[in-house]
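Order of writing sets the labels: A, B and C. Residues in every chain begin at 1.
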Amino acid sequence: MKYFKLPDLGEGLPEADILEWHIQEGDQVTTDQVLVSVETAKAIIEIPSPQDGEIAHLFGQAGDTIHTGEPLIEFANEEQEDTGTVVGEISAAEPGTSKDSFIIGAAPSSRNHQQVQATPAVRALAQRLQVDLNSISGTGQSGHITPDDVQKAADMNRLHGPVEPLKGVRKQMARTMSQSHAEVVPVTLFEDADLHSWPADSDITMRLIQAIAYACAEVPILNSWFDGQSMALRQHEATHLGVAVDTDKGLFVPVLRDIGTRTTDDLRTGLECLRTDVRNRTIPASELQGATITLSNFGTLAGRYATPIIVPPQVAILGAGVVREHPVAVNGQLEIHRLMPLSLTFDHRVATGGEAARFLAALIKQLEQPFDEQL
Amino acid sequence: MSHNITMVEAVNLALKRAMHNSEDVVVLGEDVGPNGGVFRATVDLRDEFGPRRVLDTPLAEAMIAGLSIGMAAQGLKPVAEIQFMGFIFPTLEQIMCHAARLRNRTRGRLSCPMVLRAPFGGGIHAPEHHSESTEALLAHIPGLRVVIPSSPARAYGLLLAAIECPDPVIFLEPKRIYRASKQAVEDNGIALPLDTCFTLREGSDITLISWGAMITETLQAADQLASQGISAEVIDVASVSPLDSETLLASVQKTGRCVIIHEAPRSGGVGAEISAILAEKGLLALQAPIARVTGYDTVMPYYRLEQHYLPNTQDILESAQQTLSFS
Amino acid sequence: MERTFHGEIYLTQYLDTQGTLVQPLPENPQLAERLRDCYRNMVLARALDTKAIALQRTGQMGTYASMLGAEAIDVTIGLCMQPSDVLVPYYRNHASQHIRGAAMEDLLLYWGGDERGNANPAMNQDFPNCVPIATQALHACGVASAMKIRGEKRCALTVCGDGGTSKGDFMEALNVAGAWQLPIVFVVNNNQWAISVPRAIQCGAPTLAQKAFSAGIRGEQVDGNDAIAMHEVLSRALERAREGKGPTLIEALSYRLSDHTTADDATRYRDNEELKAAWEREPIKRLQTFLHQQGWWDEAQEKAWQSEVALMVQGAVERYLSTDPQPVESMFDHLYEEMPSSVQEQRDWAQVKAMKGGSHHES
């Protein structure tokens, strides 16, 4: 404390006369050390120091009268105690500090949220009829769900079995395909690549990847992103290949980065990693984003030619079908060669038929080499 | 310059900053001069800015409010202190009949850019009249702004905003948490916006809405809900009038469930207004009734029973759990 | 030019700061006994006050507003008023409240956060402590108005501090008291301080008593530390009021020897030398000196009285400390004459929450 005030001396004695100071200004004192003798109507009392400290000032001299609550001594280098209030108690902070953390206005997740709109009565009805509100669309004004909507959904469920709303990857695929259909102007070119010069143990997927990289270098416009709204094209230096992977949960398209500069072994390892992560459901979202062109190798399953769907903002996708033995005419003679059917869909808003054809030609030329060598 | 300070110190810092930035800012009130204010909110101001701009007034709250109106109309920026919200009632005539409507009735020729600061709320073991929480009375007055900070950093930013604001602002400081925590506060002179709530925790399962000292208990309840796997969004209303209903609605649209918490009495509290807005515009997203955790409709009891009156963390938790389990 | 008004304020004093008589004593055959009565009550008041502060310091009572230095003012108020009069106090009238029927433990209960401190039937029609400054002055005028309307020979007495005289309520009260000639006495305990605001900047007038002129009522000053002067001036003013001869504003000049409340620290804003000098003028010592000189009080009586006072105060403290807090329902039971159903519902909730396992259970 800074000021030591005369304590209550008891028995209704508010005042005392200072008899003798036992210390001087400037002295260092310790707790309980006698500071001063005072005389009351009843007795002589010695007043001890309440704390260790240095005496800065003595209030009063011998002979002065001093009263309960009056300052007796000022200690040096002390903060004056301060309750910091005039009533009650304001409890003080724990030591330590924090940083204020707040968002001005609504949280991002609130801003972006689409909530099912339905009155409490409708919600109750849906619950009774065991209809999942998330699975139906509302016909009410501004899209809210009406009792009729719920009733119709319940009837449908009864007649045709329950409806299950799409989730996760399947829901995403439905969205993406719809978006593609709405925006992209697709044209598909079909051709076969003749693999008869390939050695027996060729890795089909790796050869396809390398061929795509080569073709993208030759005709880069098919390795770009297109924004239909702003009519703007973004060409890419590197080629990041989306590789379609089929699972029972749905279609995943992890991205193999920078296929144009990596070695075969590196690519093989990378692809295997991606496939493993997809199978184990540990693939992070970032690995599914950023593809500049996509490969759908359905040839591992079934099918010859297809019209694969482009994923915006990409402008091309290559489908590879089942490799088959097929009769071909070579210099007028009939031979049986192994052929790989290829389907290249391109976005005709961006690329011309000529560009797409040249891309396909380059791709096939690379593929038809015995080994993957830079042409 | 960053300071590690409590809320009342942040108020002091903002006052210093505002007085530094403009000669027109004048502080007035009872005991604000040499004493530095009974809560030390105005400490050192008189030494730094002199007796001409830091005025100890005679004891008269209506006079303080009326004086502020006149000063503001003359282009000064008065920041008046009413020692406790319990003593703000004599100012009501001046605020209601004049401060809040001066701009309106002169069609903008005159306006009233004044700030009335008052510590408010209970929980400090004080004698009667020193624990009032009647912000709803003030929120009901059109033309007036009512702002309530809940952290040192936001007290700084919001008080600066109140002082810069061209409208009359009642700035209510929750005294129970005046010194409850320290935060790093930049003395950068940057004001926070006055027309928005603050989202303190982002969550998805339930929205907890509060202001002032009850934010402390609300955050504690959110923590406890988190440990039960429930993600609560916590919103600090801050600007109690006019209300930012957009933020509140966006949150309730997302979570579908909501609890409003205030220590003021239940009936006619600001929570009732928020409830009405959410029911009006957010009904289609609500999955449970809007709950309110509030003080009772009683006179604030003398301090011996105070803890029975004030809502606590457990009350908020129970209400949240009920709201979550409603189906 | 014609002088249309001329006012004078007189200051009454009988004992100077040393306790020496400066004018003849008032005519009163019971004066000695009266003054002994004053003295005994002043000593008791101070003892209770000291004890109240100690209770606050030891966490057994909430914030308390000491009346140290105001003993002469408050005790004479208590003794000069009649039972049928009504006291409308502020928050430094512990002695007058006690003299008029409040038990000491009632006072401690009030400051101890318990409304029952205001509820003792022995307090009759007196108002309880008033915290919102000077609002009580208008209540007193209302009380006095009722007395006047009914033609009773009673009066109201209200007290406030020097700070309180700055408030509109005070000025409005003076005004209506003068306009209606109410049976009321206003006592201003001018102890020179309104928390940290000194008298000099509270008001520009040389006396607070002259605010009476603005209302057309009688105003006078008295040395508030002089119990004899206080007794005289109050008795006259109260009798005038009861007899329908109009209100009086009495400015009692005194000094606040304590902090504003137990949470305040006056060393922040007040000169220690000034405080020391004020102690030299304090009321109890002054009266004691005089009574000794007159042979109306002695050491033996002092000793006996101190012992008795200690016992009385101790008894009150024990009764206060052993009083259990009110049940939680009491928050709701006195809001209306008949409890509305909405309140009943909240009352039930509060009871449930206070039970074991409830969110507000006090263990």
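One rule holds in what follows: a contact is a pair of C-beta atoms (placed from the backbone, for glycine too) under 8 Å apart; a residue touches a chain by one contact, two chains touch by 3 or more.
All figures in this text were calculated on a predicted structure; none of them were measured in a lab.
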Item to check | Between A-C and B-C, the pair with more C-beta contacts | outcome: B-C
Item to check | Centre-most chain, if every chain is reduced to its averaged C-alpha atoms | outcome: B
Checklist entry - Cα centroid separation between subunit B and subunit C, in whole Å? => result 36
Checklist entry - Cα centroid separation between subunit A and subunit C, in whole Å? => result 68
Item to check | For subunit B, residues contacting two or more additional chains | outcome: 31, 38, 125-127, 130, 303
Next on the checklist: Please output the residue numbers of subunit C that touch at least 2 other chains, ranges allowed.
Outcome noted: 62-63, 195, 264, 268
Next on the checklist: Multi-chain contacts only, two chains or more: what residues does subunit A have there?
Outcome noted: 82, 85-89
Checklist entry - Along subunit B, where are the residues that touch subunit C in the complex? => result 30-31, 33-36, 38, 56, 58-63, 86-87, 89-90, 125-130, 266-267, 296-299, 301-309, 312, 314-315, 318
Item to check | Residues of subunit A that touch subunit C when the two form their complex | outcome: 3, 8, 11-12, 14-15, 59-60, 64-71, 80-83, 85-89
Item to check | Residues of subunit B defined as touching subunit A within the complex | outcome: 4, 6, 8, 31, 38-40, 83, 124-127, 130, 151-154, 175-176, 178-185, 192-193, 196-200, 202, 204, 233, 236, 244, 246-247, 250-251, 253-254, 256, 283-287, 303, 327
Checklist outcome for this item: In the complex, the residues of subunit C that touch subunit A are 43, 46-47, 50, 53-54, 62-63, 68, 195, 257-261, 263-265, 267-268, 272, 275-276, 279-280, 282, 284-285, 306, 309-310
Checklist entry - Which residues of subunit A touch subunit B in their complex? => result 82, 84-94, 96-111, 113, 115-120, 123, 127, 144
